[in-house]
Amino acid sequence: MGFTPRNPDYEAVARQSYARQTFMLHLGAQLGEIAPGRAELHLKARQELTQQNGFLHGGVVAALADVAGGYAAFTLFEAGADILTVEIKINFLAPAAGEALIARGEVIKSGRTLSIVRSEVFAVNDGAETLCAAGLGSLMTRRP
Amino acid sequence: MGFTPRNPDYEAVARQSYARQTFMLHLGAQLGEIAPGRAELHLKARQELTQQNGFLHGGVVAALADVAGGYAAFTLFEAGADILTVEIKINFLAPAAGEALIARGEVIKSGRTLSIVRSEVFAVNDGAETLCAAGLGSLMTRRP
Amino acid sequence: MGFTPRNPDYEAVARQSYARQTFMLHLGAQLGEIAPGRAELHLKARQELTQQNGFLHGGVVAALADVAGGYAAFTLFEAGADILTVEIKINFLAPAAGEALIARGEVIKSGRTLSIVRSEVFAVNDGAETLCAAGLGSLMTRRP
Amino acid sequence: MGFTPRNPDYEAVARQSYARQTFMLHLGAQLGEIAPGRAELHLKARQELTQQNGFLHGGVVAALADVAGGYAAFTLFEAGADILTVEIKINFLAPAAGEALIARGEVIKSGRTLSIVRSEVFAVNDGAETLCAAGLGSLMTRRP
């Protein structure tokens, strides 16, 4: 799906917004490549982010899925608009076991008020990616 | 809905499991009251847990909704069984703005393999609670 | 949750709208009691509505959950506004086995643009209700 | 994703099961192409299947999304196993306006107990397809 950004400066705006996502920085998640309708996040595994069996916590996986989808949608927003997650559903497919996680969000519809996105989260082991979660969510455009 | 726990020792088992949820401790979330089919989590707001507008991050809210539902289900598990989140859907209703968050999970069905739970997350301001998220999810019982 | 309808004539408007839901009439579903923020649907079981094991089909259950939630939200709309389902998630808890189904929708948030609703679908046997599905969805207000 | 069917006779088994989906036949939905991990449904628009604005009803769209995903999962089941929808979430992206609908389901994980599927429903106008709904769901394998 080829999307045309409404704001040619979308990348700078997205990176400035991300820099204020204190919680994502606290998790150690970084905004990787972004393109119109797509965004990628990277996170190195750390002991603080685990659950009772030593895997990365579902809450971390869910946060990555949500935010990757959110920035994918945000790349298509007009200048000055803010974003709000309306809802997200996440299916956990495999334990998030690996050195790192990669989350990829992509827009499937960019409407005037609502954007619909898909997200996938992969666990990375020796460069090989295993799909560990799939998400489907909606985000809202808030104009000033 | 009155549930009878399969394991009379459910509270100790749940609290021991929670103590190994490194990520929840890292967030500063505490397991409050639990009862058969119910669990409550508490979290004090902290600057590290915020998003771009200074509210508590949706990822934090989602993690609380997931884990409150998970421990609600876990209270009804037989001894020795472990738990896995299959999926969760969360609707965000209001900004998570407050001094603290309370998440409440309750079981609506406790099956042999799958448990279905509802969660609600409230923002607390001067003791008043505002509903900021509602969740509906499934968890799986894993037997040794 | 006590809601005040924005349109005092909400019941007549909802019943007129429902009368144009050709598919619901085709299923044989009837709009039962409605109140501000609540709506109930009734459906008699029929052989045409079954799945491969003779239970009422998940698609019928899902349609009832969606529409009960939709009319619950619609009772709180201002005059002249139309409604659109944004998304719904449904967990199936038990086979829909019975003489009839009852679906109940209730609003948990009625916002300017989005309404969030919960639905429950019950199978009825000799007057006893068994919860067979739970839903959580969002609907959008469309102004003329 | 290339899947290997556990039952070489998967297509005949799926078509026999579908022939007992009385409700789908009642809607006029037909099982089109199936392949390991994929299934397609076709439905001609009819006045009985519409909602208040004359579009195909969301309940019809949801039923197609659910069943297309279900048969996609079912193609990978071992002989003798039955299927149950655990849950599905559907985002409605555009009015289902067209001469026909096509629903496509695909498996993203085929586990021992749970299968996770994605579905898409398209409205067809003069041969052109418009995406009108996206789903993400889980199904359970029931062994005899």
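Order as written gives the chain letters A, B, C and D; numbering starts at 1 within each chain.
Just so we're on the same page, a contact is a pair of C-beta atoms (placed from the backbone, for glycine too) under 8 Å apart; a residue touches a chain by one contact, two chains touch by 3 or more.
The shown structure was predicted, so the numbers you read here are calculated from the model rather than taken from an experiment.
Peer 1: Keeping to the contact definition above, tell me which chains border both chain A and chain D.
Peer 2: B, C
Peer 1: Hey, which pair has more contacts between C-betas, B-C or B-D?
Peer 2: Looking at contacts between chains, B-C has the larger number.
Peer 1: With chain centres defined as C-alpha means, what is the inter-centre distance between chain C and chain D in Å?
Peer 2: 22
Peer 1: Just how far, in Å, is the C-alpha centre of chain D from the one of chain B?
Peer 2: 33
Peer 1: Can you work out the whole-Å distance between the CA centroids of chain B and chain C?
Peer 2: Centre-to-centre distance between chain B and chain C: 28 Å.
Peer 1: Return the residues of chain B touching two or more other chains; collapse runs of consecutive numbers into ranges.
Peer 2: Chain B, residues with two or more chain partners: 86-87, 89, 91, 138.
Peer 1: Quick one: in the complex, what on chain A touches chain C?
Peer 2: 86-87, 89, 113-114, 138, 140
Peer 1: In the complex formed with chain A, which residues of chain B make contact?
Peer 2: For chain B paired with chain A, touching residues are 17-18, 20-24, 26-27, 47-53, 56-60, 62-64, 66-67, 82, 84-92.
Peer 1: For chain D, which residues count as touching chain A in their complex?
Peer 2: Residue list for chain D touching chain A: 89, 91, 93-94, 108-109, 116, 118, 131, 134-136, 138.
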